[in-house]
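When the chains are written out, they are named A, B and C in that same order, and each has its own residue count from 1.
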């Protein structure tokens, strides 16, 4: 499954339209190129719908949200829905500002998402429609841990059922669920949180995987989560003396670039809950 | 010629004003510093003309175009024309959206460009004023190949004659022409297309080369194309195990930083067609 | 002092709100993560004040200024003042455009800054309210050198007294002063000016240091300047064959990531003037 999902991206080279924050926009573009997809970043209302028409998938990211970008997201999202393209929402910092929360709710009302990917605080804020205080990083109290797995899986499945799309709640442990099934993914390294934008990169990657394997969306989403986590592990093993989070950032993207389907299969640690 | 053009950049350290997309803006700034120039990025209508007044060259890039950025481009472009500064247009994704195509045509009508640099699909879209579907990467069908060189050279020369500026159509083979002469450049690596923004970087580099050697604009443009391609080759030779497109991105800029005039002369593979 | 300031950042992991240019926004985010702080970038007027409420410090950077960003800066700055958070101003290119100068003056009138950090040309332009021509890099004529130290220190102290905040004028030599005391910092490498955004990174770092040690603001500012300079030195020592300014950019952030309090103490070269 994982191997096929990875190879479908390489084979079909889906063009992914990203409307995303400027902090990590370059990394999202490079990770899309790394996995075999092709990025186009266009966030003006003037051409968002037309650009998305020529693409195979859409990635909407609320980090550093602006009014004009939100307008472009709505236009592109509607067009992608019309054309049946997969659409991913990354609700960065959604609990930290009313503006972002209201934007997320408006987007979820007007656009059918294929998947929503966020950290535990973001997904919980979105589900509860509540305000949190922790910026763009997850609160420790919200994190998925070994002890509350069943409860967390039930929460993610229920949220997925309510909103009608795949939910990926990622962190040191990742849960990826639709209304009926929930997978636990245990790949990744804690040091990934010291690199800005690994979450943004994963959302971009997920849009590419969904675009390349639309008929098996949950499997594609799980594969993307495993691939990003495996890249974080491989990259960490390749770190050399004197290297820190900037080198790690590059090595993660490089690991996505170099990863074969076989390597992904061997590395992946996931199971149905 | 190449050596002198490279050394003129190092010697005069031209300040280059870039109004460019946010995907690759950091790379464009660092490649300008790498070649010996100095970047300033300013894309507000409020100060675009004044900033350009203190510079030696201007680089306008349509990737991720916004209405406000277009306004700044028009103001900066007119001022640069007034002052006789070289101006480069990089029509990123011009075939993928009416907004970008119309912006490009408006810019070409209101501003005298010294050079336009794009991939084969972008240059053909600009010349034909037609819509394409391939996002920001070139379609294989549009690429310059060994078999149609004479025809492609005639096309680029004719387009240059029509619009009155140097045209650089770059890809696995590069054509750089004015109305009378066309050069073929064979430097570069196919892997450069797996790094976002190598085209954007080349356009920035070209603005620096043109600013440093204004009296021999075609030679300066050819030198910039050779330098970028040579950097891609040198960078590829320096790649180590475990490195992918993110490392390659850094190594390309590093190769521009380290390149001497002699090295450029030795590496360059170009000829008049 | 330095060790304690560095360790306070690691221990308290302050969340820093940055309204900053898009050229170096990713580097600023990664250097904040490197030093142990956490970044949030939010520059929309819609949520700037709310975001800053959940943070511990604010960094305002005028590089690539836009009207909407300025509005967000004013809103965030007032809120940060209300809450007693440290606020840093980085007046990038303030001498190069009336728009930026007027924005800086408006910000200085409406917001109480804890520290202003700029290169010699920027600080002199701000103090003199004059126009300069050199883009975003410092003019050689403005630089602090060994011969005019006493005069430069008096200038920086007097400017600090006039505006009521710490002034850090950085370059090959750095002066960091309040109204009464001025420190000279001699860390750093000239090659840092070949990497875009080392100044922006330092301003972000300074906001983190001020947020973590608010009761000793001048010492915190000096520590941040020493840490950035020391990172530049350590990074340069780690450079390998074939590496240039892009590798150096990564190695500087990596050095911030790896730096211990002891290492900072050993490396730091500063003294009261």
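Everything below uses one rule, namely that contacts are C-beta pairs under 8 Å (C-beta built on N, C-alpha and C of every residue); 3 or more make two chains touch, one makes a residue touch a chain.
For each chain, UniProt lists the protein as follows: A, B, C = Hydroxyethylthiazole kinase.
None of the values given here were measured: they were computed from a predicted structure.
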Since subunit B (Hydroxyethylthiazole kinase) and subunit C (Hydroxyethylthiazole kinase) share one sequence, what rotation angle in degrees maps the C-alpha trace of one onto the other, as a multiple of 5?
120
Same or different, please, for the subunit A (Hydroxyethylthiazole kinase) to subunit B (Hydroxyethylthiazole kinase) contact, judged on whether over half of the interface numbers appear on both copies.
different
Between subunit A (Hydroxyethylthiazole kinase) and subunit B (Hydroxyethylthiazole kinase), what is the separation of their C-alpha centroids in Å?
33
Taking each residue of subunit A (Hydroxyethylthiazole kinase) in turn, which ones touch at least two of the other chains?
22, 26, 249-250
Quick check: in the complex, which residue numbers of subunit A (Hydroxyethylthiazole kinase) touch subunit B (Hydroxyethylthiazole kinase)?
15, 22, 25-26, 29-30, 33-34, 38-44, 46-47, 50-51, 54-55, 68, 238, 249-258
Residues of subunit C (Hydroxyethylthiazole kinase) touching subunit B (Hydroxyethylthiazole kinase) in their complex?
21-24, 26-27, 63-67, 93, 96-100, 133-137, 194-197, 242-247, 249-250
